[in-house]
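Look for chain A in each of the two complexes below; its partner is chain B in the first and chain C in the second.
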Partner chain A sequence: MSRLRQFAASRVAVVGAIVLLALSVAALLASWLAPQNPFDLATLNLHDSRLPPGSRGVDGQWYALGTDLLARDVLSAILYGLRISVLVGLSSGVIAFALGTAVGLFAAYKGGRIDNLLMRVVDLQLSFPAILVALILLAVLGKGLDKIILALVVVQWALFARTARATALSEVGKEYIEAARTLRLGTARVLFRHLLPNCLPPLTVIATVQVANAISLEATLSFLGIGMPVTEPSLGLLIANGFQFLLSGDYWISVYPGVALVLLIGSLNLVGDQLRVMFNPRLQGASVMPDDTPLQLTDPVPAVTAHAPPVLQVNQLSTQFFTARGVVHSVNGLSLHVARGEILGLVGESGSGKSVTGRSIMRMIAAPGRIVDGRVLFNGVDVLGLDEEAMRQLRGNRIAMVFQDPMMTLNPVLRIDHQMIETIQAHRTCSAAKARARALTMLRKVGIPAPEERLLCYPHQLSGGMRQRVAIAIALLNEPELIIADEPTTALDVTIQSQILAEFHSLAKATGTAVIWVTHDLSVVAGLADRIAVLYRGRIVEAGPTAAVLRAPLHPYTRGLLDSMPTRNSRGQPLRQIPGAAPPPTAADNGCAFRPRCAFASAACAAMPELAPLSALTAEHAVRCFHPLVQVSS
Partner chain B sequence: MSPPLLELRRVSRRFGQPLGLLKTLANRLGAHHQPRAVHAVDGIDLHVGDNEVLGLVGESGCGKSTVARLICGLNPPSDGEIFYQGEALASITDVDRLLQIQMIFQNPMASLNPRLTVADIIGEAPVVHGRWAARERDGRVRELLLQVGMDASHADRYPHEFSGGQRQRIGIARALALQPRLLLCDEPVAALDVSTQAQVVNLFMQLKQQLQLSYLFISHDLGIVRHLSDRVAIMYLGRIVESAPVEELFEHANHPYTQALLASMPQIGRGAGQFAAVQGEIPSPLDPPRGCHFHPRCPFAMPRCRVEVPLLREVAPGHLSACHLNDGGDA
Partner chain C sequence: MGAFVVRRLWQGLLVILVMSVIVFLGVYVIGNPADILIDPEATQADRLAAMHALGLDRPVWLQYGAFLGEALRGHLGNSFVFNEPALQLIFSRMPATMELAICAMVFSLLLGIPLGLWAGAAPHSLAGRAIQSGSILGFSLPNFWQGMMLVMVFAVMLGWLPSGGRGEVGSVLGIHTSLATVDGLRHLILPALNLALFKLAMITRLTASSMRETLTMDFIDFAVAKGLRRRRILFVHALKNVLVPVITIAGLEFGSVIAFAVVTETVFSWPGMGKLIIDSINVLDRPVIVAYLLVIVVLFISINLVVDLLYSLLDPRVRLAAAR
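This part shows the complex of A and B:
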């Protein structure tokens, strides 16, 4: 049902589908719908030859679209011709689809020599123009419906085989196929029950386009006189029949079959195009994205007292994603601050909104996402109010970002030195030699051995750890006041992670750069961050100095996270687990989002608690909970 | 003494492209082109006992996942032999015995076929292999779902309707349906959120008790390996460098690489800015260092380490380590 609605999202496609359906029904019912059987010579009256549309014959028949040289009713000929065209297109398409898909899947699954051999055959086939192959085949085989279908199958199967193989190759590497193999389910079962259904969507799209191609190819061949025999004219042959009369003004004999052909192929392509959009989520727009109305900003909340004035102060930030499944409240009224030289650990699980927070600060939220409320004050200036040019001056210069994947920062086709010099010169006038010297210093600072050689490398020549160091060096190039680091060590090995954590820590302390370190792992920020903010479902549930949060967590969720980690003494005992899973991000709820999983939840938790310190004595340590875990002092 | 449940003897696996036509011809004419090959697994010995958990630890690219793939038959070994209950795995033809080794995959998003229902995913193999009659399938699936801590009513749903932790439970139920003796777990909790990791770890421990299972538990997370394992083996660039009972290994790590790993482990109790860092990068497996693979990063490396591969030797009862330092320095 939802598929249908998805398809109907494009009006053009709906029109295409209706036209296609109408033409198909007309073709199917040709023998009943057509006023005349154009192949029955007995019913033809040669006196009615080449009558214009709308005329009456000698026997009083009504020729809506006129007649051709043999006095056949053009409308009837079109209906019968359509039937042949659709039959040829569909049957050759279906057979080629089945054959090509089977070959492609088999090649991808078996790999190695079998794959090599089959794909060379496909390459060979595809290197000849389709029309040429079809011409030669028909010249050898002769005319006839079965022969043209055979020729079109030969022409088309290779394309299906190649696409099926490409799709299957990306699926074969997935674990569910490996699982099916370790369950020893047998080749046929793995191929047709597990692999095929997951490869079908792109193939069906190609199939619709291929049917259209087959129909036009058949029309071309028949037009050239080597396709269908004269006794069974398809649309192509009908066009050819009237071609000689075009200049003498008897346009209808050619033009009306031509219009039918255009409608048929055009509607098939429209339907295929929409199917392609449906099966490719990236081509789909958001359905309920609001207009670009100006932000309704709330008044700034007075700054939380910090020792040094904060470099960054985020107030009541809300970022939402307007997806087809509903509005996702990724960040929900979030406030935080970071001071000069301070490292803030922003901790949360997948879907907690931690990455979206970092990107919102950089104003890097793409549709269907939108910052709907809040202020992001960088040195007192609201970043959300800046124009795009002022923002560009800030990004990569005063505020830098380091991603989990260093290739988000690095350009794969540029040498490291070019990228680093470019980053410097984008924001200040500086000679290339000076910029290069600075790049070298930065590489040395992040612990890269032999930096002169690395400068001449391309990103792919470096290991993952090295790439991440280069990305960090690039972030540091313009001495930013704030770095947002989004899980930069998650994909790295522990020994490399440890090196990078150590370097980051000393750099931040030495340069006075403020850092927001986004991570899912409390133990990573334990030795790194000065303060920790714990996120759950888009809200900060606890924030405070690292030692206080880790040693005496106040929120049941923070406590649960710490308890669920194994320790040296936990061996042999079950770990304390947080039951259940986080609610889906679209769930609308005004209460504490953690309460379905919380052992302390009460009726009060149906309302949203404030993020506040427990007492004036512990003003730095705030919690959003009606039942905070107060330590019993002994 | 009965043979161990699983034993690997000098098992190697090379990945690489065979020489092209031109180079093969050139070799015939006297040239010496070597095929480019990665020794993903380089002559390792391992064993897993009944109802034992062997933790296999190493960094990315060290070959630990390849070990699991060799054991469950996704790739054949290039050299060496794998024995199951004392019998060479390659010569076992009884499918039922081969099915006693099952795998749990890392990525719960990719390891379940998105087009099948949970009942199909779990019940397909036992029905195909004739363990269950088709009509008893749904009942059996429900039992298994309960066993892995899920709701029996989940049987008719599709994988995308579940969270990562629940999908991993479905993957475990799929393996359990074939009544395995040995589960090969390849980073089974690495892709899960911290709060659901503990649930799955607890499930593994509980199943081990109830069903007398053995695990080869592959992970880079030393904390979880310490929590679950009976013995631990440490891998570096295709070789086992140390193996020992779990407490012995964590308390008396012998190999410099193991020591570096333990020191690099992120810990809650770590003080601000305290990071013990082993120097250097992990070398490319295409061109590993000669001698001991770890010598370029090792603070104790000696001339001998650059040329001679250290062999695993017993340094304490049941504790093997491959380091020349244990010979008292240069020989």
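This part shows the complex of A and C:
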């Protein structure tokens, strides 16, 4: 049902499906629907040759779409021609589907030499255009229905084989296939029972388009005079027959069969295109590229409050993703603040909403995500209320961001100098020479040796650690007041990681830049952050000075995170882990999200606790829990 | 780079060898080689004598060796119809086809890339959706029918342009081309448009999907986070990445444009090698068919080689790998 609704999301595709259905029925019922049998020469009256549409014949017959040279009713010829075209397209498609899929699955399952050889053949075949291969085959074989179907199968099988193989290969490594192999199930059984079902969606898409191509190709070959014999006039042949009369103005003989052909191929392509979109999630991916529509938040922009506002103050931020499976509450009424020169460690496991928080502050949430509520006050101004141009002027200038994977964040086809200089020039008028000098200084500051040479490099010429240093240098270029670092050291090895952490720490302290360091790793922020905020399911469950949180965690979840960290004393003992897994973020629940995994949970936890300090003495250290872990004083 | 070219040339030669075996088996063994090489009007005694003289009574692999030897010296037999060497005949028709194919390719790139960028950058806008749907229409119009419609509208109904033929051919810098004369240009417009439309649809779609995919990449996020202007992100950061696959595939598709010229040339009576091959198939002028096939194979391999080199120039990552 949801598949059907997904398909119907495109109105054009629905129209295509309806047209396709109508044409198929017309082709199937041609002998009943057609007013005349165009193959029955006895019923043809040569006096009725080349009559225009809507005219009556000598016997009083009415020709809705006119007649051709042989006095055949064009409408009837179209219906019969449609039948031949559909027959050729479908049968060649089905045979090629079966043959190609079998070959592709076999190649994927066998692997090694067999796979290599078969794919060489496929590649060779696909490197020649279909029309050429079909042309040559038919030149050798001659005309005829069977021959054209054979030629079309030869042309089509390779694409099915390649697709089936590619899809199957992603399955072959999986456990259930290995299990089937170990159990010595027969090859055929593994192929058809286990591999085939996974390959069907992409193959179906290809099949739809291939049938359209086959019909088009058959028509083209028939038009060229090397496809169907004159005794079996497909649409292509009908059009070819009418071509000579086109120049003399008798357009209907070729134009109407052409319209039928275009409708048939077009409807198949429309359906195929929508299927492709449905089965390829990549095509549904959205970009964070801001479109020019402003954010629609209910609250007005608040006036600047507090006499000494922190650099960043986030109030009750909520970001939700409107997916097909429901609304995901990634960030759920989150509040935090960072002061000038302060480093805040934002800690949480994957899916806790920590990255979404960072991106929300930058207003870089891609559809289907949306910031639905809250305020992000940067120097007292709500960035959620800014227009896109004002927001752009903040990004990379006052608020910079460093991402997780240094392999992916630099543009692979642009030189480092271009990527640095543009960052400066996007925010101030500055000569290229000056900008380059600034870039050079920055590269030096982040510890890149021989920066003059590095400037002329492409990203792939640098190591991962180097690239992340470049990304950090870019973030620092415009002396931002706030840097959001989204796990920037996670993808690096441990030695590089600690070097970069140390350099980052000293740079931030030296420039007075505020930092939000997003990470899943408590040990990373332990030596870096001034304060720590622990995130669970889109809410902060504990926040406080680093030392206090690490030494005396109040929330059972923070305790669990600390216990699962390897330490020198725990060597030789199994690491403790938090039992259970985070509940799905779509589940509606008003209580403490951690309670299903919590040893201290009680009936009270069905309500949501407030984030609050335990006493006025520890006002800096807040927790969201009804049963905080109070340390036994010793 | 040098080693890379040598390796690719070597692979190309291998493919040509494989194709020559297939052509040989296809045309010489499935078909009757006597039909190809001996005048169909010869008497039976002459036939047998000729078959012996041509070595057709020898084992297949020996025959293949002889065929290959002859082919290497450019001997692929005489055309029955024109009674001149088949290879020479094809080369004399090739410029007309090339001219048509190049014009079509340039046209589809010049229009397809901007349309695709638009559709890819704003996929949900009205224009974006219109371009996407329009490109499906472009796919769905069979080439020959679309060409006929062009003839009907612009030649028959409006009478603006000629319905077929190549027109007057002028000479620029020693190259004979229709582009040099007004009459030649008038004859070129419709066939070039006809040949271009299918590729235009393809390049539009390719550019659009490549653009959409590129815009979801991390480096685009980073470019946004740097505060770059929308224009710069689209036309510098995204475009450079989009162009690499588009130019590569467009290059590879040039071969397919030459193949589809068969249809266009038939519709517009364009005197290129595509029309020649169709005429030859219809009268079973097999030496010409064989020659065309081998010429096309060599042409395709050359195109692939050139595109590979071009690709390595465009993408710094490949450039480096090749230099190593």
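The criterion applied here is as follows: the second predicted complex is superposed on the first by the 434 of 634 C-alpha atoms of A that agree within 3 Å, B and C clash if a C-alpha of one lies under 4 Å from a C-alpha of the other, contacts with A are read in each partner's own complex, and residues count from 1 in each chain.
To be clear about the criterion, a contact is a pair of C-beta atoms (placed from the backbone, for glycine too) under 8 Å apart; a residue touches a chain by one contact, two chains touch by 3 or more.
Quick caveat: nothing in here was measured; it's all calculated off a predicted structure.
A.B. asks: With the two complexes superposed on chain A, say which partner A:131 touches: chain B (first), chain C (second), both, or neither.
C.D. replies: second
A.B. asks: A:498 contacts which: chain B (first), chain C (second), both, neither?
C.D. replies: The first partner, chain B, only.
A.B. asks: Once the structures are superposed on A, label A:325 by its partner contacts, choosing first (chain B), second (chain C), both or neither.
C.D. replies: Once the two structures are laid over each other on A, A:325 reaches no partner at all.
A.B. asks: Applying the touch criterion given at the start, work out whether A:566 contacts chain B, chain C, both or neither, answering first, second, both or neither.
C.D. replies: first
A.B. asks: Taking the superposition as given, does A:255 touch the first partner, chain B, the second, chain C, both, or neither?
C.D. replies: In the superposition, A:255 touches chain C alone.
A.B. asks: Given the touch rule stated above, what does A:5 touch, chain B (first), chain C (second), both, or neither?
C.D. replies: neither
A.B. asks: Can A:194 be said to touch chain B (first), chain C (second), both, or neither?
C.D. replies: In the superposed model, A:194 contacts chain B only, not chain C.
A.B. asks: Could you list, by residue number, the parts of chain A that touch chain B in their complex?
C.D. replies: It is residues 174-176, 178-186, 189, 193-194, 197-198, 349-350, 449, 463-466, 493-499, 501-502, 505-506, 509, 520-524, 526-528, 530, 546, 550, 557, 560-568, 570-571, 574-579, 581-582, 597 of chain A that touch chain B.
A.B. asks: Given the complex with chain A, which residues does chain C contribute to the contact?
C.D. replies: Checking each residue of chain C against chain A gives 15, 18, 26-27, 30-31, 121-122, 133, 136-137, 139-145, 148-149, 151-152, 155-156, 163, 209, 212-213, 215-230, 232-234, 236-237, 240-241, 244, 252, 255-256, 259-260, 262-263, 266-267, 277-278, 281-282, 289, 293, 296, 300, 304, 315-317, 320.
A.B. asks: What residues of chain A sit close enough to touch chain C in their complex?
C.D. replies: Interface residues on chain A, with respect to chain C: 12, 124, 127-129, 131-132, 135-136, 138-140, 212, 216, 219-220, 223-226, 236, 239-240, 243, 246-247, 249, 251, 254-255, 258, 261-262, 265-266, 268-270, 273, 282-283, 285-291, 362, 364, 366, 392-397, 400-401, 403, 405, 408-414, 422-423, 426-427, 458, 460-461, 471, 474.
A.B. asks: Considering the complex alone, what residue numbers of chain B touch chain A?
C.D. replies: 59-60, 72-74, 95, 98-99, 102-103, 105-107, 110-116, 124-125, 128-129, 163-166, 171, 174, 178, 193-199, 201-202, 205-206, 220, 222-224, 226-227, 246-247, 250, 260-261, 263-282, 284
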